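Two complexes follow with chain A in common, the first pairing it with chain B and the second with chain C.
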Partner chain A sequence: MALTATDCVLLSDDERSTIEDYEGGVPRWCTGCGDNAILTSLQRLCRDEQLPQEKVVFVSGIGCSGRFPHYMNTYGFHGLHGRALPVAEGIKIRRPDLHVFVNTGDGDCCSIGTAHWIHALRYNMDMTVVMHDNRTYGLTKHQASPTSPLGLKSNTTPYGADLNPLDPLSVTLGVTNASFVAQAVDWIPELLHQIVSLAFHHKGFSFIRVLQRCPEYLPAFFDPWVQDPARVLLLSHQDGIQPAPSLSRTYRNQEEHDPLDLLRAKDIAAGADAIPVGILYRNPEIPRYEELRKPDRLYTPDAIAKGFEAELDRFTIWPEQEEKEHAAT
Partner chain B sequence: MLLPELVRFHLTGEPPTDTEPAPPGLRPAVLASLQDLSTLRYDFPLLLTENGDSLTLSLSELFDDILREVAPPGPSGERIRRHLLGLELRIRRAVSGGEVGLLSQMWEAAAKGLLAETNADEAALVQASLAKAEAARLVDGRAVDCDDRLASDFLEHIWTAVGKRQRLVVRQEIAELTLRLSNILQADYSRSQAGLAPERLAGSVGVSHRREFDFEAWSRMVTGTPSGAVGPDRRRRLESILSILENQRFIPGGKATPYSFRFDRATAAATAFRQRVPEMLELIKAMTIARLEIENRYREPKHDEFFAAFDETSPTAQDLAAFPSYLVTMQAEDVVGTEQAQLVDILSSSLPIKVLVESDDILGESPIGDVRWSPGVGGGRLGNLAIGLGEAFTMQSASSNLPRMEETVVAGLSHQGPALFSVFGGSKKHVRDLPRYLTAASAMRSRAFPAFTYDPGAGDDWAARFRVDGNPAADDDWPVEALTYEDDNLQRITEEVRFTFVDFAACDSRYADHFVPVPRSSWNDQMEPAWRFLNGEAPPGKVPYILMATADNLLQRLVVDRELIEAARRCRRQWNSLQELGGIHNSHARRLLEQARARWEEETARELKEVTAGSAAAAVIVEERPVEELETPPAVEEAAVVELPEEAPPADEPYIETARCTTCDECTTLNSRMFAYDENKQAIIADLGAGSYRQMVEAAEACQVAIIHPGKPWNPSEPGLEELVERAAAFN
Partner chain C sequence: MATRLDSPPPGIDDTATVLEEHIIDIVSDSGEGAQKCGQSLAGIAARMGNGIWTVEIIPAEIQPPARSIEGASGNRTRLATGPVGNGGDAADLVVAFNEQVLLGRLRAQELKPGCIVLMENMWESNPDPEIAASYVAVRDELVADGYQVYEIPMEEKCLEYVADPRRGKNMFVLGLLCRIYSLDLDLAREQVAFTFAKKGDRVILPNQQLLQAGWQWAEESLDLRFRIPATPPREPRVVVNGNTAIGLGVMASGMEVCAMYPITPATSASHYLSEIFEKVGGVVHQAEDEIAACAFAIGASYAGKCAVTITSGPGYSLKQEGIGLAVMAEIPLVIVNVQRGGPSTGQPTKAEQGDLLTSVFGSHGDAPKVVMGVGDIEDCFYSIITARRIAETFNMVVVVLTDASLATAQQPFIRPRFSEDWLAPPIDQSPIPDGAEPYEWDRDSGLARRFIPGQPKGMHCLTGLAHDRSSTVAYDPSINQEGLRNRSMKLAAFQKTLMPAAVVGDQEGELLVVGWGSTKGAIEEAVERVRADGHRAGSMHLKFLQPMAPGIAEAMQRFEHVMAVENNYCDYVGDGLIDNENRRYTNLAWMLRARTLIDIDCWGEVRGQPLKPGRIEEVLREKLS
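Let's turn to the complex of A and B:
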């Protein structure tokens, strides 16, 4: 690409941000909470990409995951329960220059926020969405969530959950315009980081479901998978994750999966037992709403004021005109 | 008229005593059938479109498009076709009659005319056809003919369109930078003491509720935030670049009247460019600073110095590309003296100046006369001069060929450096009996003015940069034409002839002395077509002639003198070198090919000899390799996984598999001096001495991903070691 003088000046930029530059408040999550791993990988991403802090915004809903923006030294919006996505969409459409990230929980996204989730997939706006799926409502002290497994005893299901859990991957893959669907687990940070990075570089709505441990309320829940690497299925591909040889020694259960293969992706998502980790689906060709609706002029304060006036004028009653119209009929 | 007299004329230019003046209205025989161009559907009139997909479109292409849409096959479609072709003919006639204006206006007039001449029975049908066509005509624009204004109109049209696209982008960027810079100042004001004054706060509340508020108290409570406020230096910088952005004169849309970039002298354009350089640099600098300011990346200690030293060498090609190019249109006869020197300067520079030089005379007074000794380079040779300079985009073409050059012209105008467009428009002064279109086309056909393009941006070698393929029969010396006529016995005869420089010169009244018309009674076998003569195919003792047609379409032979034949040979030599540059019959390539072929033949012969000498078997065996060996893919990945040495350090020393750490804080909470995070925020053993073996073992037990390996105790005096070693075993 051709360079401008600005690029040249910036190329000589010797200030580099470190991870500390992206650290906000001290996390108040429980010790051992999987949210910490997600936080670290996103801070690493910002550092690796050298994103200017003021060009980044983290938007969240309500839940333990909702505290995320407080821990990032960037712009942030701690929103309403289930409403992180519409806020993020509003930000993106008006400020396409910002890197928008969304943190949402399994309750926040798959329960109260389901409608927004489905439509956000269809809009396919360029943002990175991390769904912290701990299979429970952590903040409200262990209430059952839509992803809680059948029979899980919680404060709201003392005799065990009655329903089969909802599978966020299958739902996502089934929505029109879904363009990036991935799954990570908080206990393999190397892959979590690769997936976050691929999601960030994808132009469109990147949805990552992260299976996240909640040691406070489901202390041993993920142990069978954490302790048995054979029950994790790595989806490697040249367009997807590429586990390092040292990791492949531990995680031998691997499948070469082309992220463009939607049918196989759906099969993998629906598969039982082994947790797939990697990019299930990616299609960079799907149009983005913010591009389709890109304004063709600049919204200066003047233009906005004029627009408002014109809009309000439509509802104004003009006495003389009315008389004229009346006379005409 | 006797043969020896004709031979003498050919050799000396001395005409036979009984020479009659050439009959008026002579035209090259091959052009005889093209009497009235307005009856032909060809490249003209040309529409310089305002709203089409392409920037130009011929009238006949437009009508073809419309007919395809509104005239289905069958009788009713046929009728519509007839009506619309009538309409097209009227427009064509109007344009060739000298009318200028928008297609839509001419269309309306032509439609009226057509209706006026239609009888009452058919009027309704004609009306219906016209209505359909009108609805299908999606483009409008100026209709131009191949006349003396064509080249400059054509170029200016494309220059404006290309510039408009590019200016729109820059204009939007300037508007956006201005807005964003103003936002910084506005935000700063809103947070300042003044911005939080009671009156301003009152302005932010709806009128009906104002009475409910105490704005004085409110203002006292929300004090301005001095932190992050715009300091005086930054404010001065922002205001200064804002004023530069608002008052710039390069891109329309600012407060000041924009500059003009249209000139009719090379000197004027170059002077204007130089005078505007400081302002241009100011603007580039302002835009650069603005982008940094908006990104909040302007650092005074570093950037102040950089921008203080900002000069002509600082902008990149991309920065300069944002500025409009300068368009100069000149007549070839004006390219003399300082103008010529300036033009050469421009073409050797990297200035964004695009120059159109239009010539209507490329022959000059005589084949060896004026042009050779005249002070100017002459339009005919400007193009060659420009490609010699190396860095200027160069296009040479006859005006008749311009409709095919739209893409090339767009490329030349988008090229970052200078460009020369040398166009021959056909002279009316010296060639009276041909329309301009045919004169121009003949100049190109006869190689007197071949078309070529040199695009220095298209690649690194001549093969990528230079093209002559737009010429008719570009592989040949002269294009072949079929001439059909009736002989004395009214038999139809078709003869193959070649259209050469001599035929072109014969149209020019100044060259009449180089020809002698030979009456039919004196035609004889010793006369030989001039093109054969030029090709050296004529036996000695013959005289060359060309065929022309009289006004009443009778064939006329004209004998040509030697001087003109020589001029034609020179013309062909020049054409041949252009062909070579364009990769046609290239002598270097041909020589290389011959050498390669000779080498190949030699080697083959040698190999053949070896084979027959009995070493054939060995040669075959060398080629034969086991198939499996070739087909087994290199087993990289699997091998890499399996063969990598295990990296685990000796089990005695404690260690953490850092890459697998999930930053869960368990170990660091346990002892933040013994355990710490690395630059990726993953746990490492920072200081073994800062903690006990007990803490190490507890950390290993707490770590949910079990990546802490405690090893053996390092301090034998620590109490309870035995039990701890037992607990540690599970993690080692």
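Let's turn to the complex of A and C:
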């Protein structure tokens, strides 16, 4: 029976996934935690892109950010502290059909998993990576993280942190094959969402550092920046974020930054007080490891049988009679 | 039908002494090609139908100092009429490119007293008087001790054919040995062509000339003539070393991804796999470290592409957290551990079987996994195929333990006949039925159907945290108990599929020797030797170490004594402070004592060498006396 046009509209609306379709368990993060903003943004992305839930995998490590996949109604992999990236690479290497996301924290990514972070940039596999940076350890109850500022008092630095913080943006921009580097803040959800969306559409390893508030251990830490829009630098560009006029009225400190300009990106990352928000660098030309390693033939029983027999031939001692026959073929 | 060649092949004189077997060592400085010479010799003999087993003699450094005792590099070939399963005891004939590496073998007691020694003679006329004197001293010592020393002008003869004899001596020696052992010169020429196939005629032809020259020189100048009768093969056989067999096994097992990090002595398996795997659509990923290699393999396997990670001791230690995750989340994973001497960096190039307990009990908490030992070269191949199947049937971690001695040892085995049954089925992407949960543990077997990303309605969050049937983080204490029970139950379910452990030799009597892994051939040979003297002894070689085959305790009870023999450390009562209350046993002995409550003894040695049948024989005789 033919459907009426109205039926078709109703049916297609019914088949559209809604935000609720991507919602998993009820988040157990603290009220006011920046993780909630990231969760909402990624659920919105899935809805906007109408990603089939079964084709999405969120991979995480350990820490508050590690809980992320539990709150998504997609496939999720909540694995080991610091090892989300190699797990995600293993998932992607032979499953180009899957959309892979990684949620990692400042401890997970910049401390215990640093080696994987550097090399994941170099592999440049197609995945969207969100580094939840609250500049402290939350789940283990407030120890200094590699991004904690000098002098920060924590349970492991009761007299103040001794070292200058590591700058994840500068590190990332300095690694061979880095292809997408962005920064967002949890208190400007509109831009967070634009950045997440641009990251998703980038073919390659998209690294987003999200500065996020920890209401439990560093409740006032970001206040100076949250309360003074002049201390946020928006990086706008036609290939980057494009703040709405209403937002631009609040955030007047803006710079037109071409995401292909790596040198300027490094300057911005290393800059002083103002927090840059936007796409620092994007280069869609960098080859992806899963493409470079894509075999020119599929792993089929026939291919294996043929390759295997050819290999055995190299090492085979044939009985005299068979040797003649084998040589003849 | 094939017949044994009791009469010499055409063109071979019949003045040769007929032998059952000989052990031939070829030693040189690193880079002089003694390994290639030994491997080629073994290859030729295998083509003729002899049983062979080769053992590489490897210095720990890439470029050890020239002419040094510790720098001996080369190959041992045990060449026999019938099949052999180990490298034997000591050399009957040794070829040395200088007297220092020869001294290395002598001091290590690797030479039979009075054996035949073929020495490069150029050192006697070396302009450095110290070198010349050293050569003379070693030669005279050997002669005085009754060794049959032959001085060979290797350098001088090779210079007639090539400008750099350092690069050609090995083929000259190969020709020499082919003449001494009455091997077929045409087969030898073919072997040389095979050995240098990649380099083309430019390299093949001069090497064949050198081969011919060595043969000619032996023909004219040596009175050594041996013949080890061979049975021409009736079926096609392959000759590869253990690590190559592992590479072939991965290729034929249905595993599509190998993630690894370079480590000795495992790496050559990955080298070989890197060369061949892409040809059939597989991938070898060299990760940034051992932990990443394990995590990458876990990710691939989680996504439905069963993966293997290949490593050795230190790398295996680093993977422990990943192994625990795979156990907890029930992700199939195959791990090959090519064991080396430990702990710590230990002896990277040397053989040891010290990782059994760490494999069975490794990773914190209760982490049940399957652990298999590999007994010979053929077993390296089939074990990988079996391991993949177990891993994916039971959603478990399977550890395959081989070691440095198997990694480089060569032994012919019947050419495998490829079967599609070895491969994994295509990944399941069908929708999950309504209401099904990701861990629907069967009450009896603990088994649950695995959900693979891409399957509609199978969405869940896999986690390394304790979880319930829906993969939800468990806060209820009974759920943790249930999860651990089910993961343990899978091991029991797998154990129910195992055949009873078989005893080789006498089925009851005075002494049962129990072993696992690469010691199989040496143990069986030692037991045969004591049985030949009328002792009633048997041996039992365990393929599965965790879980173990049924019937082990019952087999043990049929013998007066039971002894585990292993290439790992144990204490001996009476040594220093050791008594029965503090004695530490060999790896398998610990497990068997706990499993069977039988007071079994053990013997283990960690000299970095494969266990020798003669040494085991001594131990058994002492036990039997």
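Convention: the second predicted complex is superposed on the first by the 285 of 329 C-alpha atoms of A that agree within 3 Å, B and C clash if a C-alpha of one lies under 4 Å from a C-alpha of the other, contacts with A are read in each partner's own complex, and residues count from 1 in each chain.
The rule we apply is simple: a residue touches a chain if its C-beta (ideal position, glycine included) is under 8 Å from a C-beta of that chain, and two chains touch if they have at least 3 such contacts.
Source: prediction; values computed, not measured.
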Notebook entry, point to check: What is the contact status of A:Asn164 with respect to chain B (first) and chain C (second): first, second, both, or neither?
Noted result: neither
Margin query: After superposing on the shared chain, does chain C or chain B touch more chain A residues?
Written below: C
Margin query: Once chain A of both complexes is superposed, is A:Pro245 in touch with chain B (first), chain C (second), both, or neither?
Written below: first
Check: Where does A:Ile188 make contact in the superposed view: on chain B (first), on chain C (second), on both, or on neither?
Finding: first
Next item on the list: Give one of first, second, both or neither to describe whether A:Leu39 is in contact with chain B, with chain C, with both, or with none.
Entry: first
Check: Thinking of the overlay built on chain A, is A:Thr4 touched by chain B (first), by chain C (second), by both, or by neither?
Finding: first
Margin query: Which partner chains sit in contact with A:Glu54 here, chain B, chain C, both or neither? Use first/second/both/neither.
Written below: both
Check: Of the partners chain B and chain C, which touch A:Gln227 in the superposed model: first, second, both, neither?
Finding: first
Notebook entry, point to check: Looking at the overlay, does A:Thr300 come into contact with chain B only (first), chain C only (second), both, or neither?
Noted result: both
Note to self: Let me test your reading of the model: by the given contact rule, A:His70 touches which partner, first (chain B), second (chain C), both or neither?
What the structure shows: second
Notebook entry, point to check: Just which bits of chain A does chain B share with chain C as contact spots?
Noted result: 52, 54-55, 298, 300
Notebook entry, point to check: Which residues of chain B touch chain A in the complex?
Noted result: 172, 175-176, 179, 284-285, 287-288, 291-292, 295-297, 299, 302-303, 306, 310, 314-319, 321, 640-641, 644, 647, 659-666, 669, 679-682, 702, 704-706
Item checked: Residues of chain C defined as touching chain A within the complex -> 2, 46-47, 232-240, 244, 248, 251-252, 254, 256-257, 259, 276, 278-283, 285, 287-289, 291-293, 295-305, 307, 321-322, 325, 329, 412, 415-416, 418, 420, 423, 453-465, 472-473
Item checked: For the chain A and chain B complex, residues of the former touching the latter -> 2-10, 12-13, 15, 18-19, 27, 31-34, 36-37, 39-40, 43-44, 52, 54-55, 186-190, 213, 215, 226-227, 244-249, 298, 300
Checklist line | Parts of chain A lying in touch with chain C, wherever the complex brings them together | finding: 24-25, 52-55, 57-59, 69-70, 72-80, 83, 85-95, 97-98, 115-116, 118-119, 293, 295, 297-301, 303-312, 315-320, 322
